[in-house]
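Letters are used for the chains, namely A, B, C and D, taken in the order the chains are written, and counting of residues starts over at 1 for each.
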């Protein structure tokens, strides 16, 4: 079943991204959830909240754990999320003696949000690297073509002559600013979510903060004063960043499509898409896809902002909406960066 | 790879829909495209545009056709769409003698848009039936609980007592109107898209209209005066309809979530979701999912309207944006109707 | 204070519309609300719900009514809407004897929604006429320039030659379909909203339906089975229609901007905007504004769909959101139609 | 004419903001534009680009300048923006001798973007102060009610008891993060836009950078390496920030509306809205408005991201879209902060 282009056997090659999609594969998702449970049991044992033997049993169960996904799917449809069913299977795997120590003091949202954070850390690393490569490619383009005399266009009309450098920098500089913005964002995304039933770690009593501190270190995530289950500003801000990146790349794509129009010819494309009806055409497909991905993210970012209106200590409705939007936005951004890097290597400015 | 909840091995059971997703599976998509090509060659042979022997060869090749999907994926990434690669493989399967008669006079958009229309006809049939079942379920609920005295709430505050009938009808009547709206929409969605390179069927000369007429009959689609490659109002209108349906169901979901709050208790849920931290809870998961799906479609509908700004005779950017949004909106609507039907069967109004 | 371009002393000439804005002026709004109250008291007197003398006193007070707008503004800030303060002032004007008969059995939403319906009827009339004029202008353009040979463009590249007729029809035909859609919509917008506190007309007992019937006739609105206070599908559908219209005009604007590019020159503009830096330029300002207005409505339509998730019998939050969006969308659509009509008169196709 | 609630004589008291709207009044807008022109002529005279006498004449003309707004409106409708008409009137006021030195080397976008920046600096100052006051109010609430035992709610169901402190902090902490984010944003908003016709200051030759440096100092704005006419990331990022703020306040509003429901009564409202039909009600109008304003901005932010796809050196279409959205988003945010401050002072937590 392939409702989304990102999961589509054919279209994912155009609009998706293999490396990023990997992070959202079921295996990666369950692994990240189990990493949370492993860190939890270890931290709790170290703090004397659960017996060391229990932690040992849980770790061993996790190592050999093979979830019954058909059952998980069924439970998810009932519970609205994967965790209750997953914890129940994990408890069965651990055995009756230590079952009650599995997931002790945690709540589903701790697991889901932390498991996402672990994977977004990876995504942000990839973004940083890819932005760097696009910036480098644009630097290279400027070095080669920057002095080429071209026409500036304002309001869709030829304005005055400029050099290509002017255009190239207007594509590159926003990316450099986005890279700087990412550093600021990162700290709020790469956090441990751990609050228990109502965000107060009430099940752990005075040991809560110490357990949380150990978990954060084990998972390589930032420790925050309390769980942000219902404070979704980091998610909204991250979604906005994704859409800023695709928006800036969409501007570059739009420019390239306009400048490589048959009559304008200010940019030459070394490669392009073929047509089933007109074999002579070289379509600026990659440039168009940058526009498409920009408008896709510009559309979805709105929903992520609606999801800020999160009722009380946990909103099933608003939280689930994030799941429907954020992975797609993340992959769309990766696809845009991947496409942009290739595209920049395929264009050259043509002297007027 | 499962970036979208609709394609996710676990979450699709909650937020997806097996029956609808089937229509967007690669097999269904390629089949629909090949139905277009089959109808095209037959119609062209009947009108003497291509030899009957060519049509025969093409039909036979289609019957036994097994596409090389790895190659298709690669070509799609270059061309921006599946058709050029698909036609090229089909031509190879047909053989050199008749290859030039494959896809003759058609363009990629004819194939993609018609293949979608063929599948949306099926989707709309399913929608009509499911709306009917939700309406019936609400009628049954009204029969059983309609006279129960409950509280009306305005602006989140208790207002005056009413009977449950008042609430039930406010959920049901919009669905009945949506069903009526669907009939009007259907005629503009269930159309043959056939215009050739620039929407003028120029490759077929005077035979264009006759070929188009035959194709429409063969495919069970409406014939329109000219291809609407760049006129996307039907798609936008259909997307709006989808979001109206999920919006109305979202209102019902929101009401049910509010009325089944612990302190309100105006509605009792026979079933609900479990919590990993609080085993005593019965969460109104289905009601929440209706809200989520409503906000999802309310978000995406915006992008479908942006896609109306379609440049010239074909916009790669705007058209591709539709592919990213419309299948998801369609499946979200199906999921909401499926969920609503079950949910209505699980609620009962509790006398004040 | 001019936060919105539609109310801006200068920009409203570019992006606003005097005729439509008139319908949203305070005077028109209060007049429509008072028409509701007048029809209400008359109908109630005719049905014996209130004394004829009371109706007489109310009508007379309405005729000479001059609201204290400073007080109204203050009350509105507290109550969240204009009606409680307005009714209170009207009651004072009517005098103690009949004050209790003012607004009897009605609720604020009855007044606000009906007052909007009365003005949208006018807006829809204007839309119908203006669409007609744009269609006529395009017919005229086709008559004059339809046979001009021009280039078709697909995916931003020259494709094959066509006649201008092909382009003109792709702009005109969607407008004709929108006009047909408007007829279907109209019936659900031009309705009397009258439900009382909780939508059941409970204050009027058995006389409710008869009073409602008389009011609908007096106001020239359709009578519906029960008030649709919380069923906002008509509003959502209407918003979608507005955005379909601006989207189709935005496509025309985008095409004109592309075809009148300096190097393309397929369309010549008889008039355009001037530049403060480059006196030689003729900017396709009207064409650009059509794109802007299309994207504006495509953005706002999303919020109207979110407003479908209307809690219980009345949602202050969702309902107020409609007020923030629908008038602007309506005026944006009027501005687009006004601009399109002028623009079509200013373009001519240039033989290749 | 009052199409927007922000300019509406009555609704602006509910949803608008007098202090902020002031910044978007025509007078403030023209003043800011004239400040740009004054700084420009002074800097150019100091660098010897224009004669000191010309600068003197321009400064004097600006001081006594009274624009013909009827003419400005007309010119704006033609040119798509205010500047060409304004410059033309200013030149007339300066007189023939120095007219050519007015606006020398600048372009319309320099004026419009810088004039907005000057006013947004003021808006951001107000935001910082207001966020501080809301944070203080929440601190006060925590001091007074923080230990009150209340119920936590997850997925719309009672979960476990917590203290009110937990809820109050989940409202306050995001605001503190938004305040920190504002500091980072500010530097990219408070910039001088000065690039001339195509963003290269080509009219000023080697004097360009020195003139720009002087202007930035005179106007108290940051100097950037080149004009960002077509790089709209700062605008998009700022719009996202606005929507994050209203989203976080919307979450607080939603919580307060839920917790003050008749049956829940966890929060008591000292003041609320009246109903025209049910005098006994105290409606949580301010809480609802926070939700409305959140969804309004969450809707509009999408359009600001679409505006990132800015064609070439200047896009009339994308740029104008910003004008339709950003002032409204700014005022909506101000209204939400104003409302939140009052609302926090009106609520108290009620022991369970």
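In this section, a contact is a pair of C-beta atoms (placed from the backbone, for glycine too) under 8 Å apart; a residue touches a chain by one contact, two chains touch by 3 or more.
From a predicted model like this one, the values you see are computed outputs, not experimental measurements.
K.L.:
Starting from the Cα centroid of subunit C, hunt down the chain whose centroid lies farthest away.
P.N.:
Of all the other chains, the one whose centre lies farthest from subunit C is A.
K.L.:
State, to the nearest whole Å, the distance from the C-alpha centre of subunit B to the C-alpha centre of subunit D.
P.N.:
Roughly 39 Å, centre to centre.
K.L.:
Between subunit A and subunit B, what distance separates the C-alpha centroids? Give it in angstrom.
P.N.:
So the centroids are 27 Å from each other.
K.L.:
Can you list the subunit B residues in contact with two or more other chains?
P.N.:
As it turns out, subunit B has residues touching two or more other chains at 80, 153-156, 159-160, 197, 254, 257-258, 273, 275, 278, 283-285, 288, 291, 295, 298-299, 302-303, 306, 315-316.
K.L.:
Looking only at which chains touch which, which shape fits best: line, ring, star, complete or other?
P.N.:
Per interface graph, the chains form a complete graph.
K.L.:
Can you list the subunit D residues touching subunit A in their complex?
P.N.:
Counting only subunit D, the residues touching subunit A are 80, 152-156, 159-160, 162, 166-167, 169-170, 173-174, 177-178, 181, 184, 188, 197-200, 202, 225-226, 228, 230-233, 236-237, 240, 243-244, 247-248, 250-251, 254-255, 258-259, 291, 294-295, 297-299, 301-303, 305-306, 308-316.
K.L.:
Tell me, which parts of subunit C touch subunit D in their complex?
P.N.:
The contact residues of subunit C facing subunit D are 1-16, 18, 21-22, 24-26, 69, 72-74, 76-84, 87, 103, 106-108, 111, 196-197, 203, 253-254, 257, 271, 273-278, 283-285, 288-289, 291-292, 295-296, 298-300, 302-303, 306-307, 315-318, 320-321, 323-325, 327-328, 331.
K.L.:
Note which residues of subunit D are touching subunit B in the complex, please.
P.N.:
Touching subunit B: residues 153-160, 257-258, 260-264, 273, 275, 278, 281-285, 287-288, 302, 306 of subunit D.
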